[in-house]
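Everything below concerns the one structure shown next.
Going in written order, the chains are labelled A, B, C and D, and every chain counts its residues from 1.
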Amino acid sequence: MRGYAAVLEAFRRPLAWREFEVLPPTPGGVLVRIAVAGICGSDLHMWKGEDPRTPLPIILGHEAVGRVVALGGEKRDIMGQILREGDLIAWDRGVTCGACYYCTVRKKPYLCPHRRVYGINLSSAEPPHLLGGYAEYIHLLPGTNVLILPEGIDPAQLVAASCSGATAAHAVEASGIRLGDQVIVQGPGPLGLFALAFAVARGAATAIVVGTQRSAWKLEVARRFGATHLMMADVGTAESRRAEIHALTYGRGATQVIECSGAPAAIAEGIKWVAPGGVYALPGAAVPVGDVPIAIYEDVVRKNVRLQGTWVSDTSHFFQAVELVLSGRFPFDAMITHRFPLHEADRALQALEERNVLKAVLVPES
Amino acid sequence: MRGYAAVLEAFRRPLAWREFEVLPPTPGGVLVRIAVAGICGSDLHMWKGEDPRTPLPIILGHEAVGRVVALGGEKRDIMGQILREGDLIAWDRGVTCGACYYCTVRKKPYLCPHRRVYGINLSSAEPPHLLGGYAEYIHLLPGTNVLILPEGIDPAQLVAASCSGATAAHAVEASGIRLGDQVIVQGPGPLGLFALAFAVARGAATAIVVGTQRSAWKLEVARRFGATHLMMADVGTAESRRAEIHALTYGRGATQVIECSGAPAAIAEGIKWVAPGGVYALPGAAVPVGDVPIAIYEDVVRKNVRLQGTWVSDTSHFFQAVELVLSGRFPFDAMITHRFPLHEADRALQALEERNVLKAVLVPES
Amino acid sequence: MRGYAAVLEAFRRPLAWREFEVLPPTPGGVLVRIAVAGICGSDLHMWKGEDPRTPLPIILGHEAVGRVVALGGEKRDIMGQILREGDLIAWDRGVTCGACYYCTVRKKPYLCPHRRVYGINLSSAEPPHLLGGYAEYIHLLPGTNVLILPEGIDPAQLVAASCSGATAAHAVEASGIRLGDQVIVQGPGPLGLFALAFAVARGAATAIVVGTQRSAWKLEVARRFGATHLMMADVGTAESRRAEIHALTYGRGATQVIECSGAPAAIAEGIKWVAPGGVYALPGAAVPVGDVPIAIYEDVVRKNVRLQGTWVSDTSHFFQAVELVLSGRFPFDAMITHRFPLHEADRALQALEERNVLKAVLVPES
Amino acid sequence: MRGYAAVLEAFRRPLAWREFEVLPPTPGGVLVRIAVAGICGSDLHMWKGEDPRTPLPIILGHEAVGRVVALGGEKRDIMGQILREGDLIAWDRGVTCGACYYCTVRKKPYLCPHRRVYGINLSSAEPPHLLGGYAEYIHLLPGTNVLILPEGIDPAQLVAASCSGATAAHAVEASGIRLGDQVIVQGPGPLGLFALAFAVARGAATAIVVGTQRSAWKLEVARRFGATHLMMADVGTAESRRAEIHALTYGRGATQVIECSGAPAAIAEGIKWVAPGGVYALPGAAVPVGDVPIAIYEDVVRKNVRLQGTWVSDTSHFFQAVELVLSGRFPFDAMITHRFPLHEADRALQALEERNVLKAVLVPES
């Protein structure tokens, strides 16, 4: 069997359309026919060579959903169900060692120094080659944690669960949102929408989403996800915005601010929106943003504020993100704004670069 | 190379002294020369056929410490240090799947339904055969979590860390002992002494250990571990014992009671010693004890008490137990009351049966 | 000013309809005109003399909502808003000392040994007399924690928040329900419906409510609150019910079972429905139920199960319950099945005794 | 009865030695004869007028221990023991409202906006006047949480427990130090020594204390408290210091860094010493330190690091600090380097200004 993939062979150059021999599944692994793959903001950074983890050549794409083609031995999903050919599945994009300090003693496998990630740090130069989402097939390595999905759902809705969704779950869990809280989400992209949905699902009484005038249409999607208030980061002054937030939060600020934009200016301003005893969670900064000046005494110490760096996710977060989508409570279909055929992956990256996209997905032709 | 082991081939019969071909380490595994192995109360249950998990034939012994003989590939310990031949090591006695709901979503690998345990549910009938502690060599399977030990310590002190110590760590962690708490430990055996040591290490202000007249000498060891008060479960009446405990605990009872005896009568009485809002942790019941009548309203609901079943442990608990021993703060050498040569394993089991032992260990002749 | 109240002067006798001089508010207190008061199952126990806390004479009723008539000094609600005459308010039914071990060190004020509760342990014999809900007016003592309610909501919906709602919040919080969990609620009364609503709000993927054939109509209300499955405790056998639950929970049992019926038989059966690592929470037993036999090894230790006694609640739980009702996500109006004029309080108790009621409320005539 | 106090009437001027009429205790209050009062670094800031909370005139001193002279009604300590005349007592320096969002819903009374603090924001202009530690007597207001101390202990050892000790308890609790952790404490003053003692008490395997060459003698005290390694912040380069720390921490950095110096340069450097998944706790910055540039991506996000602002403390922390001192495990007597008679309070402040002091106390002449 042979299959095509779009391969990044040189930074900032069109992806190469390559045909691969599809090897049988590795022992303990799974061969999957990809149904839909997601385009993530990180892919653009990688395409530009801005992410030091990127080996060349590589098949990009760390978000995907597909159907089991063949199994390298009996395998169960994380709920204990045996995988069968034809099952629609999603999987944790990271494969961890299970033996290090972070995997075993701290139980934070997302910190595993040996973590391998499809489409991020696995090259197509080595067998089994097909280890990224921009392809017709993908090889899941032994140790990949899988979830069988119910039939009848649009698989595109679940694509983002394995990256933005899982990372948002991680940030929201670490920030401890409770029933009745006042939450702000900075940035209405996929990460922000997932963070918003988790906040609403946990019972946030107030959910303010902050965007820009240019992304006003994304804020409207946020409203459909349950945002109680929308705010423009580029309208008014820092003082007026802070006053607006205090008016919505009993004069205290937000119990949690989830920073999903990655912009240094957003970080510098958002920290000042946190209530005493609150949390400023930082899942959004995917690339270096330089030094951000922090008023340690006024904004952190005096207010007992916690800044929580949040990097990637683990299987427990992936599980939460899938459950959130499957609960049917949020219009995740509205998040998928663009669908491209697989061989137009370059166009998809281009659309993302132009910021007209909320979430674009690639669909291999059948 | 060949090595001897004491093998349980029929319940309640003397162990068979068998010679095995020592195979090379499995890929990803480690071949270890055992320095010391522990005799655990569970071994006695298994020898009698009371534990349904026991396959025959089996080399008993799930607690051991030894030196690396050969490696089936590069392997690091949980602190990230590369294992080398000759290293003195300890290991988590359980090997879990890393892929199930409990391993990944709940992060409670001790609940993994696929958990394999040396000397408990791994038969010597299958290669690599040497999978228990009552032997000169043991094969550590891939997925075994290992800790390199410092040189210069008596390895016998670390034997119990991998079973009683880890289980006590689990129970104490689940019961949330804090600085200034009032803690009771029921049963002054190895599990109870470890629970006591963890309670003292976490800053318990009061640490009451309860034993029996027959085990009075064990209570004296508990005193050396930091018990502030000793009590006899078979002196006085239930009322007088409760009054004694209330007098030591501001009239409230203990913030945590750790049940390490496994005796139904101890359980029925000990629940009544818990203060409102306190915890009754149950790591001690290793075999069925029948139904215990609980006054749900008076002893659980009305007092907001938590009963916490505790079964086995995972690598995070094993790590804590080893750290506790290595801290040097407690006289763990006093816990090792008997040392037998390996080929006298039957005598060691006999001594345990007669209850004259705190912790007995087996030492292979060099 | 004068006001009427229904007073319990002798157990199992009709309440006496008494007129009281309405004193001015105590310093730091609040005089409230009751809008609606709830009838709680505990009231029936107290009326029968089954609750040892009951002083005579007493105005029963610990659940109520009303409007501020007069203030004994400036007072803010728990969100920091200043109370004004005419404000519609709810309040935590318990007033705690703020100085004891449980109030300060453990931060569990529901365990405060000095906790005073309106309609439960405050007699009408002492000034300011009006300290229960079955009355036209109530005096809130200094130290009462208050929440100003928005206008435009039916106050009857909030009555149960201060007792069943807060206690359910406490139980659900202690049991740690997470997104994607499988939850069982035993007993579809007000406590059970609140527990269900909290479980759904926290993202339970499966929510099974267990009732009896006689209370089948209550199960239909539970369905409207989001129950995914309904089950009859008196249909089939213990084995068939357990099999049914395992079929709905990946063969494991429920991650949390919340026992809201208080029936010993329900407790004995429900414990067996908990998955390994799960929680059995017990907020439902309001009076002694005798000894319940527990298979400590099989159902608690071996499965790492936690039994969590839950008694009453504190202001943090009250806050959650009010927020839950105000979120508008659940049909709390459907919980209010009966409304009686205040002077027919006896009839209301009678209706509750006959078990035809979900939640009955008393409305003083204007 | 009359009593003397040293009163701050004008910033940066000698304290005035004033005689006051000692009023009877307020209802619910306690009149205390001060045995020892502590001089805290904050006092110096207040004396200079750098702390905006300071009302004039004021009796400084928020750390003290003394004996009950008279009671304004029955009062119990937080363990439930009834106070009697002559009892030696310590108390939480903050008095909170018990009714606000932070006191009731969040259970973080240290964030109470109505928190009153002896010697900090209570003026001597208003009755009962004696509300600070630099005096012969102090009036404890109703709502003050008290702990009866055992006889036979040098009360000076307990003075710092109510400020530095409680704040360190708060920071260590928030940073979650566990058995086997690698901890760094920046700054070997009273706050740092308490943080060190808490870290050691919780089982830190490695405890590195960082000071300066000038404070080398304080580092020697830290060694007596259990520091496993000492480091000079002004010896070598940032690179060499980081390398040294990595060599002591398995190449990862510290699981927790507790910043107790308040110096911006220390903060900027210390954040880089945290291991992935670790915590940087900030209890040390008592006055504004300006903006500190933080490499958000590299030092916070990418490493999943938490920055935890820590401001003051509550009664649960005070309790822990007293228990720590009373445990007798640490040489707190070595922390008290200077004792001045009360009327030489100016000299004590001067000594602190010159930084030759670890902890200075004031002793009223009998």
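The definition used in the following text is that a contact is a pair of C-beta atoms (placed from the backbone, for glycine too) under 8 Å apart; a residue touches a chain by one contact, two chains touch by 3 or more.
Because the structure is a prediction, the values reported are computed rather than measured.
Trainee: Specify the angle of rotation obtained when superposing chain A on chain B by their C-alpha atoms, rounded to a multiple of 5 degrees.
Mentor: Angle of the fitting rotation, chain A to chain B: 180 degrees.
Trainee: Does B-D or A-D have more contacting C-beta pairs?
Mentor: More contacting C-beta pairs are found at A-D.
Trainee: Which integer distance in Å separates the CA centroid of chain B from that of chain D?
Mentor: That gives a centre separation of 40 Å.
Trainee: List the centre-to-centre spacing of chain A and chain D in whole Å, with centres computed as mean CA coordinates.
Mentor: 43
Trainee: At which residue positions does chain D touch at least two other chains?
Mentor: 79-80, 101, 105-106, 180, 250, 252, 319 - these are the residues of chain D that touch more than one other chain.
Trainee: Which chain D residues qualify as touching chain C in the complex?
Mentor: So the residues of chain D in touch with chain C come to 76, 78-80, 92, 98-101, 104-107, 113, 143, 145, 314-316, 319.
Trainee: Going by the contact rule set out above, which residues of chain D touch chain B in the complex?
Mentor: Its residues touching chain B are 79-81, 178-180, 198, 201-203, 205, 250-252, 319-320, 323-324, 326-327.
Trainee: Which bits of chain D are touching chain A when the two form their complex?
Mentor: Per the touch definition, chain D meets chain A at residues 101-102, 105-106, 108, 110-111, 180, 250, 252, 264, 267, 276-277, 282-283, 285, 287-298, 300-311.
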